[in-house]
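A, B, C, D, E and F label the chains in the order they appear, each numbered from 1.
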Amino acid sequence: MQRPSGRLANQLRTIKLTRNYTKHAEGSVLVEFGDTKVLCNATVEEGVPRFMRGEGRGWITAEYGMLPRSTGSRMGREAARGKQGGRTVEIQRLIGRSLRAAADLEALGENTIIVDCDVIQADGGTRTASITGACVAVVDALSKLGDKGLLKGTVLSEMVAAVSVGIYEGEVVLDLDYPEDSNAQADMNIVMCEGGGLIEVQGTAEENPFTNEQFMQMLAVAKEGIDELHKLQKQALDLS
Amino acid sequence: MQRPSGRLANQLRTIKLTRNYTKHAEGSVLVEFGDTKVLCNATVEEGVPRFMRGEGRGWITAEYGMLPRSTGSRMGREAARGKQGGRTVEIQRLIGRSLRAAADLEALGENTIIVDCDVIQADGGTRTASITGACVAVVDALSKLGDKGLLKGTVLSEMVAAVSVGIYEGEVVLDLDYPEDSNAQADMNIVMCEGGGLIEVQGTAEENPFTNEQFMQMLAVAKEGIDELHKLQKQALDLS
Amino acid sequence: MQRPSGRLANQLRTIKLTRNYTKHAEGSVLVEFGDTKVLCNATVEEGVPRFMRGEGRGWITAEYGMLPRSTGSRMGREAARGKQGGRTVEIQRLIGRSLRAAADLEALGENTIIVDCDVIQADGGTRTASITGACVAVVDALSKLGDKGLLKGTVLSEMVAAVSVGIYEGEVVLDLDYPEDSNAQADMNIVMCEGGGLIEVQGTAEENPFTNEQFMQMLAVAKEGIDELHKLQKQALDLS
Amino acid sequence: MQRPSGRLANQLRTIKLTRNYTKHAEGSVLVEFGDTKVLCNATVEEGVPRFMRGEGRGWITAEYGMLPRSTGSRMGREAARGKQGGRTVEIQRLIGRSLRAAADLEALGENTIIVDCDVIQADGGTRTASITGACVAVVDALSKLGDKGLLKGTVLSEMVAAVSVGIYEGEVVLDLDYPEDSNAQADMNIVMCEGGGLIEVQGTAEENPFTNEQFMQMLAVAKEGIDELHKLQKQALDLS
Amino acid sequence: MQRPSGRLANQLRTIKLTRNYTKHAEGSVLVEFGDTKVLCNATVEEGVPRFMRGEGRGWITAEYGMLPRSTGSRMGREAARGKQGGRTVEIQRLIGRSLRAAADLEALGENTIIVDCDVIQADGGTRTASITGACVAVVDALSKLGDKGLLKGTVLSEMVAAVSVGIYEGEVVLDLDYPEDSNAQADMNIVMCEGGGLIEVQGTAEENPFTNEQFMQMLAVAKEGIDELHKLQKQALDLS
Amino acid sequence: MQRPSGRLANQLRTIKLTRNYTKHAEGSVLVEFGDTKVLCNATVEEGVPRFMRGEGRGWITAEYGMLPRSTGSRMGREAARGKQGGRTVEIQRLIGRSLRAAADLEALGENTIIVDCDVIQADGGTRTASITGACVAVVDALSKLGDKGLLKGTVLSEMVAAVSVGIYEGEVVLDLDYPEDSNAQADMNIVMCEGGGLIEVQGTAEENPFTNEQFMQMLAVAKEGIDELHKLQKQALDLS
């Protein structure tokens, strides 16, 4: 098997994490997984949604969008159509859930962090890139909250990263790009903490069911990839 | 550990599949997983969505809803609020995807099957009950298509069923009801074919990440439960 | 004239009122008028809408919906289309208005009762079945409020029931089913209290105007039918 | 009993029907029932909605709206809120149904008439004024269709008019204005053809049920009022 | 060049300003620019939008709509389509901005004036007619606020009026009607105060760019027209 | 007067036009006016909207959006709110109109160009930057259409550019950044062709009207700025 990009089966694309990409957001990271480019802006707002007030805990949530021409053919603008599509909703819920599962919301105090993940250019793996970039943006935003003395402890003690893995032409491959993704027999997204803790595992058969053995192989390859992503996140944050 | 319901850790709730529950739909199944009751109505429509015309393949899709008072406190009616919530969208996409992954859409010809899964009473596990009931409703609907000579082959050669599994008070338990679900440390939904093929695996950490070992245990327990569900589906269809 | 169902001109369909049909709602009634089946769930919420606060009076309102495949051909799901249709709005306003007209809202105190009427299977007369079933569900919900000492008096001193009547093949017939309803020359829905008080009278010509005499005949036949419904409501509530 | 306006119990307000009120519409009538002023514009469009094509029959429908400051306190603009309210939907369905019941849609050929009833100033009875004015506007629009040879026969052989009647301070009064309407014990709208045929009868109890006797009195008073309206419609059309 | 209406190049249409056109609004003006007729109703509401509270300043805003058959062919009703079109939004923002720029919002105190401009009949220039009529309606509304002692000073010290000017068949013409407007090479709307102060200047090329010289000519002609409009506003208000 | 940025009154910010910024769009330009950064992606679609078919002419249109955190405080995402705001609609209509006015739509043939202008970072002047960048993106997109032989002539014979000018602390300043824009006494946007032809002139008083003299000064300063922008556009396109 030859991957369209020439990569090895367990090889990530070139990953870049550029901090302070825009000037207004408390955390602003452009994350690149090869040609996939997502701008992750973390906003800090004091206070929490009404249903959580007075509990002393914070909230982290996410919104996701694709620029209409981030893709090969233009997609209708969701703002113009008047609603977010099902895929958008699914992805933004995943990003928010992943960040919350890794965070200590009590340490956050009654503050809210909203991460906007906007896809500038898409080439497969926008949700995994979003989670990986959003984590770094949240760290920067938390750091500003910490500087103001608004935190009650360490909110994120471990990095969170995500990667896709799939079965392409019968073999397990890591970090699928669009040509692979659109021809994969199975597709899995995995979100993990540094310590190896699993946050989300989402495996989906495309045309045919996959076997338990394939599932285990995918899981193993994904873990290797995420370890690499955690290192890159820490380098970007000068924590390595 | 004692489950609130007194069930064994790997014990399903009482499962019922009542066919022909309403008179209009081509397939109509009331599925009960204990106190969770979902009405699954399969509708056959000739033709396929515009973007698929002329390809000789069919389409299977699903919609999901909860009656406002299917739950302990009343939820606002989605039709009145003017949009489906994120959770609804996520679930109906999962149901449709699961059914399609198990089906031979070419054998379906240019016909569409829409399965409406409406929750009459909720007590945890509505999405897994929906998939399990929807499969039976689709079989009945396909049978009517077959009687008219409109199929080109066997569309569903294996049953599809789904179950949840989670970590409750530190232990892996099967088929969570609401009191367990709302206190679980991790939650996983698994969709499988009779032959053991995996269609969807969705594991989610609730407050803390889960370990690889816990994940493997959940997977194993889930598979046992699904085997039992496949038997019940076939009994209901007089195929066993 | 022969009715499609073989019923006499002034004969109701078989009526069933099943209380406690679901477990969460304060009042839960499955009402059946022949093959028409509507689930009426009454929810009690403390407090009233903002514009009524501080007046010491309660509020009763209703919402109505049809499951997409409650009908012979599938109707689009209103939640998916993003709005409730005109017919839905008209019916739910009628149900709420009918219940309020029969109730003493001062006796209710500052509490709200919302009745969800969801049509499981439709065969004509869903709005009259809804009102008839909703009344029983409200009685059960009021009884729970009363047990908590939250009522200031008797809210519903008389049952409210509704029936349709129409002109089918030139003759006045009671409680039209779908085959009659779709071929009626005129159609009338009447809502009455036990004591004979009129709450709503809605007569509609379908293709041609109807005469005053026909109108009087319809009114008379409807009243007989409603007397019977009131008896069945009281039987269901063990009040007879 | 003294009516706030000083009118006799069975006396209409001053009624005016001004044809050709605007220049673009095929039929344009300003109808005034006292201070209630509604502009009824009938538009002719060739063709019918998709579901009716090829059947050789036409369609008549209506839309209704109130200018935001047609009322004593400003109502939010429905276009700005993004949806039509329940009352609006109910009224425009009533107007359309009333006109269709009186018309011979086969004689109309495959043409559509849309009547826009927009309330310029409201003082009670906007729906009955709308129907009464809309009928005249439709006659003018039909006349233009007839001049072009596009009709297959007489579409409207009788005028359609509507009036309200209610119980105010215990007495039956005709054509309620706003001060009466907001204090009525019962309220009834009746739509009739010239020949005495009934098209719609909608009686509604406000706080308490009304008796059969009251209902009969209201019906009788309404009929007298409508006879007068039919005369005024024909005068306006120079048909008397 | 001959204008379709036979007017001189710098001649306004017949302008009428009828005050107290409806009875409920605090200011109600029917403005006519030839066959263009717009009803401008000014509503006074105590208080200001939330984001302005406590600043001691008032707010003036506007909403705009066209009756569906104010135009030659029927436009879909915005309330039925569920949203206001781009042109509507643009115009109502212009009207509100124009009135605010001429007003002393501090003198208004914490009160809000909403002007509804609803087009009864359109023949070009509805936005300029709206501004011109809205100003008069606001003066009447302010006068009622003043009578109650709710103003802190003079809110509108100068009239605001607006007119269109364009290039039609190569020549600059004032106050374009629809036949001119739909064939103009350039189109400009100008909003001015009595003292000659400019509030808005919006010039738009239709098919080809216009020259600076043409722009200056349009500006000069527009100013003459607006002087005339200011006089008519003051006559209508008996201030001249 | 000292500008916050230290610029001269008639000095543009640093302008950058980066072509081929993303890889999918037929024309993709990142335009920077100082810290204002807008991504302008031009998409070519064969065919035109339905109402234009068969006329042999093309269509150019635009959509505009701001990333939620392109601004100092986070703005709600329009896709999540379910509608585009008034300002968004106004701006995207302006961009589309400006491009069309400069283009020969007959030379375009029955093709459509859609330009998406998405603001990555905002610091005043996003609409003028959008127009200036969109023009360059359209040139690139046209070039691809031309290479395929799909054009019937020269569509854009002149560059189109736009700039803002305003009165800040009593003086006319060019190309306002956010600190100036939010304190300007008047604000004007001007769109021009290379040859000096005017496409749009939109001047708006903020708090007080502006004089004719001020208006003329603003116009003069704007023209100088636009000349410079035209040069930069041609440099970016290697046409200078």
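We adopt the following convention: contacts are C-beta pairs under 8 Å (C-beta built on N, C-alpha and C of every residue); 3 or more make two chains touch, one makes a residue touch a chain.
It should be emphasised that the depicted structure is a prediction, and the values quoted were computed from it without experimental measurement.
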item: Neighbouring chains common to chain E and chain F, by label; value: none
item: Remotest chain, chain D as reference, centres from CA atoms; value: A
item: Chain A and chain B: spacing of chain centres that average the CA atoms, whole Å; value: 28
item: Where chain B and chain F are represented by their mean Cα positions, the distance between them in whole Å; value: 51
item: Residue numbers of chain F (touch at least two other chains); value: 82-83
item: Successive chains around the closed ring, taking chain A as origin and chain B next; value: A, B, C, D, E, F
item: Chain F partner contacts - residues on chain A that touch it in the complex; value: 22-25, 28, 35, 37, 39, 41, 43, 45, 63, 65, 67-72, 74, 77-80, 82-84, 88, 114, 116, 118, 120-122
item: Sites on chain F touched by chain E in the complex; value: 83, 86-87, 89-90, 92-93, 97, 101-102, 188, 192-193, 195-212, 215, 219
